[in-house]
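Below is a structure I'd like to ask you about.
When the chains are written out, they are named A, B, C and D in that same order, and each has its own residue count from 1.
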């Protein structure tokens, strides 16, 4: 994707290894692409917790000295994505609190959609909030639950959450991994010797040499204690029912997850390759070469090339040295923001008819610059193929997207976008093609950003779509970015 | 003082100046001696808060860029003292929370003695704690108060606090400075143009060119709003009554406060000089020269010299370049910890009878090394004079002291201490002399660390001394340091 | 390449733009892959030089403030590669010195082979050396040249240098780019408005939007002054003669240069794709999929796939977040050094016959781990294809290679290597294939590392190969790495 | 001194202790007041040198890891003063070079006055200069000396140096400490077990528990080898002659050296106290209190108080927390630069007649602000007493002073200065009083900055004063500061 959008975090947990903090560090490193703003680890040494949180990349936040101080054979960790405005050490996770049950630490991936409601209720009952995290909400609920048993209390509280949540939770007794009943965000279970591991993506298992067991199921809570591992479906329905009504974020397969990972029990790479293959079948074009926008579109571009029999080439080089403090030159260098990251390979492009495969278009500003760059490198024709459907709606479940008015797919027609981007042709994958490519159904995946069909609400009794009004109301929560979409001319 | 003990923090607040964050930065810089572990500022831009907190010195935590982002014409700030073990960014203050009244930020100097009780009760009612600060307790109380009006709620909550608290509080409407009814910790009021300022010591007024108005009184709450400044005695008794029953920490005058500051409406320097003068009258000795342990004993040593007519000299040089990462040499350098900070001036000491004035003795370990150093530099006689009484009891009101068993004054006789330190004579100021020197009475000052008379408890009805059992119970809260007192031999 | 070897640096120069320091910063950023140890810029403001050098990445060494202090409309810059042992700020370039001609700054890419001889002679005449750089040698020669004119002196001194040198030089009057007579290292000439630019690779032109003009020729010195640009062939032979006897490092095309760059006037990408194509023709194999070792082998793997009609896939994911302070876990994680960088994509590999394309093998240690990783991911067969000939000899011209005894290609037969790496088959490109792929001849390129034919020596009269004894003598200069080649078993 | 001027550096060397790098680190720490810009250590492990240099304070430049890498039982170290403009890592010392005699490292305290001449000659002979240090000049001379023996060569080269130089030098064989024939800068010799130590001030001996032996004499070179210590007077005259014609910088006793140090074989503190005593006798005044400008004037103020029987007090508090990145507030805070460092003690000053003792006045700008501050704190009269004569001339021997036109003492009469500073009276110590106070003669000390009598030139044959023209010429070398002297009004 040429304009990065960033997912709400990655989580990791391990129970039963004396090197828990070091292994969590490595696991978070392998999840680094899911969040670069802050990183944190909480360990349990016997019944006592240790914590370290910091702003920045995993390798910057933790030193050998710090990891050694994080003693204990259990740990949970978190990497957080970066957004302007809310960048604040207090929002770094895991959130560790003391309360009447002792202590508890929570790390959360996803986004609740009834945050305001829960927070309002909790505040009216006297809760105070120091962070903007959903983890803090859960801990407040736990602190107020009348249930004596921790697991009973947790089940009770989870029933109040609406939205996306894949969480790892640790207290003096338990290490827990769980997913929301719709399974919007991924969470996998692995094993290393006698230790069990939870992680957002299985690349975190590979780096520590752990074995992948299975996905944590939607609505499932996997509980690790000293002697055993237990699974509960806290959402009181039979598992078959849950299987019928999932809403796993399909964008994980399109963009977020690393191609070498499993999410939702599926490997990402073949799904992504299939996106390209189906795209090639749906939108064939005569051309000389297929190129990806690196790195996220490589697999789908390869799929497109294999299916269309048009040669795959590396037409754009991406630089990986960009730091956080890069100094922007003066205005005299045109389209600089694009150039610092991408450079065209003239020999691949010159005089050729190019198929450019990207995974999605958000606002179109960067893509327009890339197209210009490719054109300047001598391309004869540029055919843009998007390996996902038109992105028309914002996400309320953990993807940091612009509001509707900033999504070029929501505000402009295909013809207008094509003209704006100055490409010779533009095609998107169909929603049907998307589902076909990942081998799934509308009952398994959330496609709201493409279809507007927001996942059916889970309220304990009924499962209904959000009303139009609710959708509008929730839009108020969405961060509005400043940079305007340039008008197509 | 040769062995540093550190006070629980410094606070600052300003309301009504567009450069609020910059001025707070300067004010905190002038209070830096009260806390080096962390620093924080919260500003209010209109009704919206901005916060920045960090570990380390004020000049390291804040950059020009950060100060510029802390917009607004009101601010509160805090510097925190450094203790091993609890060093944690989450404990940095001010604590900023959202709750049902909107937002509130609190910075606290002092120590509550009913922390466990309040926290236990709050946790049992469902509160969660992310920090070890008393500020968080107050905010929880505020969040649970049924009072509709913020100031009414604040008064109600303050009535539940027992112990030492000088606080600055800010919400969308008010900027407040207040002291506990016994006035254990200081807080002063100043003015710069139209802006009002609260600060722990008036050196923070001098640095920004502000005018000193007066001390905030024990039990007084001074409230700044857009148009006016209001004073309330939230402790519902007449002011005369409070005046009769104060417990202002006398150690501020002995050690903590800068000599150029006002605390409790008194200038520190003349008080400290008087300590030396009275000490000279109480414990005269024939000698050739009077020297201080720099920097904290300079004023009392000058007082001793002036009263005794014995020449004042700089017999020990103190280095000010010590950083936080100083590398300790191997064990081959004896008494190194002392040498990196102090060096004797041989020409002042050689062949002389020396009176060494220090403000207090805690465990005696460093003083023993200094005496050895002075002896090695050729001193003929060493007479140690302590400008405060024997320190026999720990403090529960905000001074980070060792427990009773680590206080050499509590565990050894005068003769034993003298022998341990290897001085030719050792004398302490009497408690009467202490009060005489500062021109105060037992009704105004807390002398518990010397006298064991812990300040009378304030419970709304009765004011009674803590029972022996309560004192013992509270001792459990006191941090036990590991380094043992060497046995006198 | 799975085991990174690193090139001796990248250079950049610009003359005639008021933003010289900012543009040099960007140019160095685009050359960052050629050196990560240190970076430096020297600018000329009128006749006065400014310099800033530092250890680390370009984005870390320079801040906006520093770039603004580097005033002037001319600049030269340098990035240096990282080797253990000689990591030292004093070796950072450009080297700026004052001497009898005023000041001069030199940045150098390459390696002289008569360093010891020149340095010995200079030292015997009274020169002192503060660095281990060849730039300092040139400046010493300039300081001792009797020639009055700077350019005459430079020509005289260059005639004494033997080996590889592409340099940018700046004094109060001139900005110069030059290459050695054999043209071992690349240097290109570009233009941005009225400004001229020299750079090791043309990716540095693209990033600032400059136009590529041509390569600087072997033995050519391009001189920029205020009003004009001049070319001299300082090596007093006719240009045709030089053209016949070049020794351009072919490894730039195989590995070092970015595929989007021009070096030696040739685009890198098509050369590299051709390496794969010729390799496929020379060493065809039945297989299901072709995968590269990312990032350096992508183009040749694509070439192999296109030629062989076997599908190209991304079978290994490379992480780009590795920092300099990454904490190694305990020994319990096997083959960790490999895992932190590479992760296999199981869906691409499982049950497949895999052709792995890499650009070269140095010691084979990392490749052995990668093969194991691919095997563990389920590959049925692994056929390793190397897009260059067997590497048998060390380089003395600026590539930081292990000595001969550490090169697995020099010490083991093809069968032994194949057995050691545990691959099902192993094939290298032939030397003829290499030259065919890049479209060049033995007269144009140095292939010494593959062929042992070290570039003919340039002595003014005769051009003869180095004697065996000389080669041996020079081997003493080569840094010996500690990690042993594991014995094939 | 209210306006800091800074000395050109501190040096340290040790030979014969396995912890050489750690002890040098501590020694440099104790000399930190002599230079805060950069620090460096070179060690010799057997015959092989190791070096580490960095910008900033000693504690920031060296880590435990770095010190451990600096192996060897011999070391030399250097701290450099900070000036704007030439702040550059390349100027950090010791300077380590390779040349025909192997390697040599030099650290230098002082300033040569024939730098331009030597450098010009060396450059004309082909030397190149990478630094602005006098150490580099010496090494160039050594490299060109025809003498075969190192010590013979060193003697020959030293004879060419004119000006101030106290140096420590190390090569594969020798560790050497030496002073110029006039002995302008100090250097002392100490002993720790079997190891010998050289240091600018003896506070560096105290910190490591070493014994002070004696001063290195003017014109003496002390040579440490494995088995012995040897002294040579390299300036070929008899020692008695040298003793008669010294020019030791008297400003070391007035300001630079720590009061707990020996320099020139004299203790600093009694000399400084005597300055105050003689000043009190020369310029008595009726007053209530004597106060110093801390920290440098404390000893002389104590001397003044003791002699005059007027009470000594701490009337100004100095803050020691100032960091390098302190953020200046807006212009709204008047005289801020003064306030961040000094704060008046009102109780000492109010209603009193104050004698302020300072060691010297340079430009008068800060003193004017301090006087204003004292006046505002309520002082009735302010009598300024300077414990040195009127500073009328710049120093060319290593003190970083403003040029003549910036010295208020050179450009204004006593009455004008008094009026400018707005004090009730102003008196300086006489030159005779100065010499009397330190117990020395014009034959022993350089008083050029007060008297204009620049130390007689040492040329091998004749010792003559610099001509007026030479003085003028050398003034061109002096750095001109920008801040103008405010006109007295």
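We take it that a residue touches a chain if its C-beta (ideal position, glycine included) is under 8 Å from a C-beta of that chain, and two chains touch if they have at least 3 such contacts.
Fair warning: this is a prediction, and the values are worked out from it, not measured in the lab.
Chemist: If you apply the touch rule, which chains end up adjacent to both chain A and chain B?
Modeler: Chains in contact with chain A as well as chain B: not a single one.
Chemist: Calculate how many whole Å lie between the centre of chain A and the centre of chain C, each centre taken as the average of the chain's C-alpha atoms.
Modeler: Once rounded, the distance between the two centres reads 38 Å.
Chemist: Taking each chain's centre as the mean position of its Cα atoms, how many Å separate chain C from chain D?
Modeler: Spacing between the chain centres: roughly 48 Å.
Chemist: Chain B to chain C: how many Å between their CA centres?
Modeler: One centre to the other, that is 61 Å.
Chemist: Residues of chain D that contact two or more other chains, please.
Modeler: Answer for chain D, listing residues that touch two or more other chains: there are none.
Chemist: Can you name every chain pair that touches?
Modeler: Pairwise, the chains that meet the contact rule are A-B, A-C, B-D, C-D.
Chemist: In the complex formed with chain B, which residues of chain A make contact?
Modeler: My answer: residues 51, 53, 88-90, 95-100, 123-130, 136, 139-140, 142-144.
Chemist: Quick check on the complex: what are the chain D residues that touch chain B?
Modeler: 19, 22-23, 25-26, 29-30, 32-33, 57-60, 62-64, 67, 203, 206-209, 258-260, 267, 269-270, 298-299, 302, 305-306, 311-314, 317, 319-323, 325-327, 329-330, 332-334, 339-340, 343-348
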